[in-house]
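Chain nomenclature is as follows: A, B, C and D, assigned in order of appearance, with residue numbering initiated at 1 for each chain independently.
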Amino acid sequence: MRWKTNPKVLTAQCLAEFMGTMIYVYVNVMSVGTGATGVAVASGLLYTLMILGPGQLSGGIFNPAIGLGFFIASAGQIKIITFLAFLLSELLGGLAGAALVRICLTSADYSNATMTEGVLSLNLATAGIGGGFMIESILTFCLAMAVYVTLANGDWKQHAGWGPVAVGAAVCICTLCGYDATGACMNPARALGPAVIASFYADVNIAWAYHYIYWIGPGVGAVTAAIIYRVLHFLSDQEKQEED
Amino acid sequence: MRWKTNPKVLTAQCLAEFMGTMIYVYVNVMSVGTGATGVAVASGLLYTLMILGPGQLSGGIFNPAIGLGFFIASAGQIKIITFLAFLLSELLGGLAGAALVRICLTSADYSNATMTEGVLSLNLATAGIGGGFMIESILTFCLAMAVYVTLANGDWKQHAGWGPVAVGAAVCICTLCGYDATGACMNPARALGPAVIASFYADVNIAWAYHYIYWIGPGVGAVTAAIIYRVLHFLSDQEKQEED
Amino acid sequence: MRWKTNPKVLTAQCLAEFMGTMIYVYVNVMSVGTGATGVAVASGLLYTLMILGPGQLSGGIFNPAIGLGFFIASAGQIKIITFLAFLLSELLGGLAGAALVRICLTSADYSNATMTEGVLSLNLATAGIGGGFMIESILTFCLAMAVYVTLANGDWKQHAGWGPVAVGAAVCICTLCGYDATGACMNPARALGPAVIASFYADVNIAWAYHYIYWIGPGVGAVTAAIIYRVLHFLSDQEKQEED
Amino acid sequence: MRWKTNPKVLTAQCLAEFMGTMIYVYVNVMSVGTGATGVAVASGLLYTLMILGPGQLSGGIFNPAIGLGFFIASAGQIKIITFLAFLLSELLGGLAGAALVRICLTSADYSNATMTEGVLSLNLATAGIGGGFMIESILTFCLAMAVYVTLANGDWKQHAGWGPVAVGAAVCICTLCGYDATGACMNPARALGPAVIASFYADVNIAWAYHYIYWIGPGVGAVTAAIIYRVLHFLSDQEKQEED
């Protein structure tokens, strides 16, 4: 998320966020049949490729929660119009990705099961509502921290280019940690798209059950990470000034 | 796919394409018993090694659909004789790979099951014919785009050498996405070889059922990717000229 | 583990060790449901990220057994106060990681099963007590050797930066080797935290059964590795002097 | 395999081969319980680490078949005493690795099952004797070719250091291809050690059934690869001379 509101640049960035989020949701849902390790490997590798590809234009966020964290941590440097444009692009990308899944898996039963199995069905027997919220918060906190440390301000090229790989590894790790309990969503766009599409064909109650957890959990996690990152950055800047 | 028709160079390139496709089909089929994650890891790593090995001579295509995309996108730069020689080498390579599998798995039942399980048996219960076509198109589109962006014109050495790794990662991701529904073939040579060999021993109807999907799907996906890549390239060249 | 006792530096290092060990235990326990390969991939990737992140401050140990090896091998260079501060930080980190798991998995049954399944339940049918001790010793020996060779004295940047990746790979390999028999703990902090938390809710006898193996095994392995590393280093230094 | 017979250097090289083969066999056998993907990941990563570690001294062979290929392809440059010393070190290393497994898995039944499941039990239902021989030959051919191309003459540092990673990837791919049918041994030292140890405790007929396949298959594959590599090298040298 760079700080420009030049309309041409912003359009290209929004297109990049739309594309990246669409492909991420498509891959994350389509690989559900291969189990936790398959989903984690596919999602992690894809995140790295998406940051290296369309992310060169937009910073590689693909996640409204992490975008919100960026917006708050920037303390006014990111204009609200940029934030909202990114948010909308990511939510529409998630919707497009889920629609692609629906077109590919023509069996309504299977397609809906696939879309809801991964994320939308909180495993009440293991985590419960409070646990699900905690898991989504903690995992998104870790992922967001990895993003802020390595990709913030687009300066990951200074880290010998390993930033996108580190973020992909974080996606893989977090997916393995949370897959059984909550599906390791960590991304409201990942939750909204499949829920909307599934509610056309499946039981609406199932499609939207506990949906709010996938907004509040990631949101709280990413914003907390952004604030802590900002404070640490501020303290370290202050220390440098004192040394001078 | 370099643009040479020097007979000696072309022969070496065709040999490289034959070898690469043969080993790819052999690995893709032989690893079926290890499940989706095993096939995806083996195929992805192999694609990277094959691009780094024989691909140094030929550009590392190993796929008639992606070759067709290159041919169309080159707008005449690639002669039709080069395209046809690559196509033939890849199809023969796929045939040789499937024959190697047949020699290694001496049980006819097991060998045919292995060869058809991975790719040739479209899972009608989950995807159906239309869905199968869409999946093969979308996955081949993504793979082809990764190839065109990082390997086109053999200039991947400019991208710090990460092109072959990115293409291997794309093969791994796409395999995980499509394995359950269509086998994630994305390659007519991968489909033709096992179908020919299996039809000697197994029920011909099973071996060739829905075979056309594995030609039309990847073909449409790769050609679409090639055209979009070409248009984007053209627009970006034009923009640069305007800036000068 | 750097050799400083400056209180400010030491506090930062202890905080880094606490954070790293906490996240490691959390990831190692939370991913248990994905099976041996999932745990191995998650733990290996995380170890690499933790060494690259908080490990920049503290050396990236996160393991009392490997810390003890460092202390003995340093032959007085590391002060005992540093060693004890690291030890305490790591044990508290393991406790905090296990507490986080308990908060996330609100079902007591499931949470305790997850915490004890991975590490605390020695598989008597396959390894027995003696075998369990041997496995923990050998695996920790290998892991510690990888750490000492690539990370000792914080000079891994001389090895083209591959040290943290090599240690992560060692964690992944060792986890796959020992997962079925002992859970591949290799770390007293990994064992203590879940045992303490589980004993609040589950049968105390189950939580602490064979607990001493996860202290003695890793301890013997890491100290042996440290002594061998030290002797090899000493011999190679002596040889260089003779050559001069 | 460097071309020295200096006794001190040769002793260090043999020790490195012994250590590397011992750990390889230990890891390959101990990870059997995690399934094909687990064994493939563990073995591949370990091979890379062993080449980077002890392999810096000895060239990183750890395999009598690949050593035989090196010896024949060197056309007299490698003395027979070097070849035999390497061979003996590798076979003793395999024996020591299997003995370590036996010490760790104190249940005789489990330990023998583990040792024989991975490699020594040819799956007659899928491959048969002829197929098993072909699989071991083809996989060892591919692995040996990867070794000769990237590591021969110890000049892999010229390939930007990626040689050891490529060989590890080849081990991972070949393991996934052959695991179901023959166990993907590709290494007589891997076969001999577990067979000797298992025959102390288990039915001797089971321990040694089809054992010769794991010598002839890899031997034929590696020697064929060595000859082809040698011829290609010779032709390319001749071409360069003609160009001068």
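Quick note on the criterion: a contact is a pair of C-beta atoms (placed from the backbone, for glycine too) under 8 Å apart; a residue touches a chain by one contact, two chains touch by 3 or more.
Since this is a predicted model, take the numbers as computed values, not measurements.
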| Superposition rotation for chain C onto chain D, Cα-based, multiple of 5° | 90
| request: Would you kindly state whether over half or under half of the residue numbers at the chain A/chain B interface are used by both copies, giving same or different? | output: different
| request: Report the chain whose mean Cα position is at the greatest distance from that of chain D. | output: A
| query | How many angstrom lie between the CA centroids of chain A and chain C, rounded to a whole number? | reply | 30
| request: Go ahead and note the Å separation of the Cα centroids belonging to chain A and chain D. | output: 43
| remark: Contacts with two or more other chains occur in chain B at residues 35, 37, 41
| request: Based on the touch definition given at the start, go ahead and assign the chain network to line, ring, star, complete or other. | output: ring
| field | Sites on chain C touched by chain D in the complex | value | 35-37, 40-41, 125-128, 130-131, 134-135, 138, 142, 146, 149, 160, 162, 166, 169-170, 172-173, 176-181
| query | Mind pulling up the chain C residues that touch chain A in the complex? | reply | 23, 26-27, 30-31, 33-35, 37-39, 41-42, 45-46, 48-49, 52-53, 100, 103-107, 110-111, 161
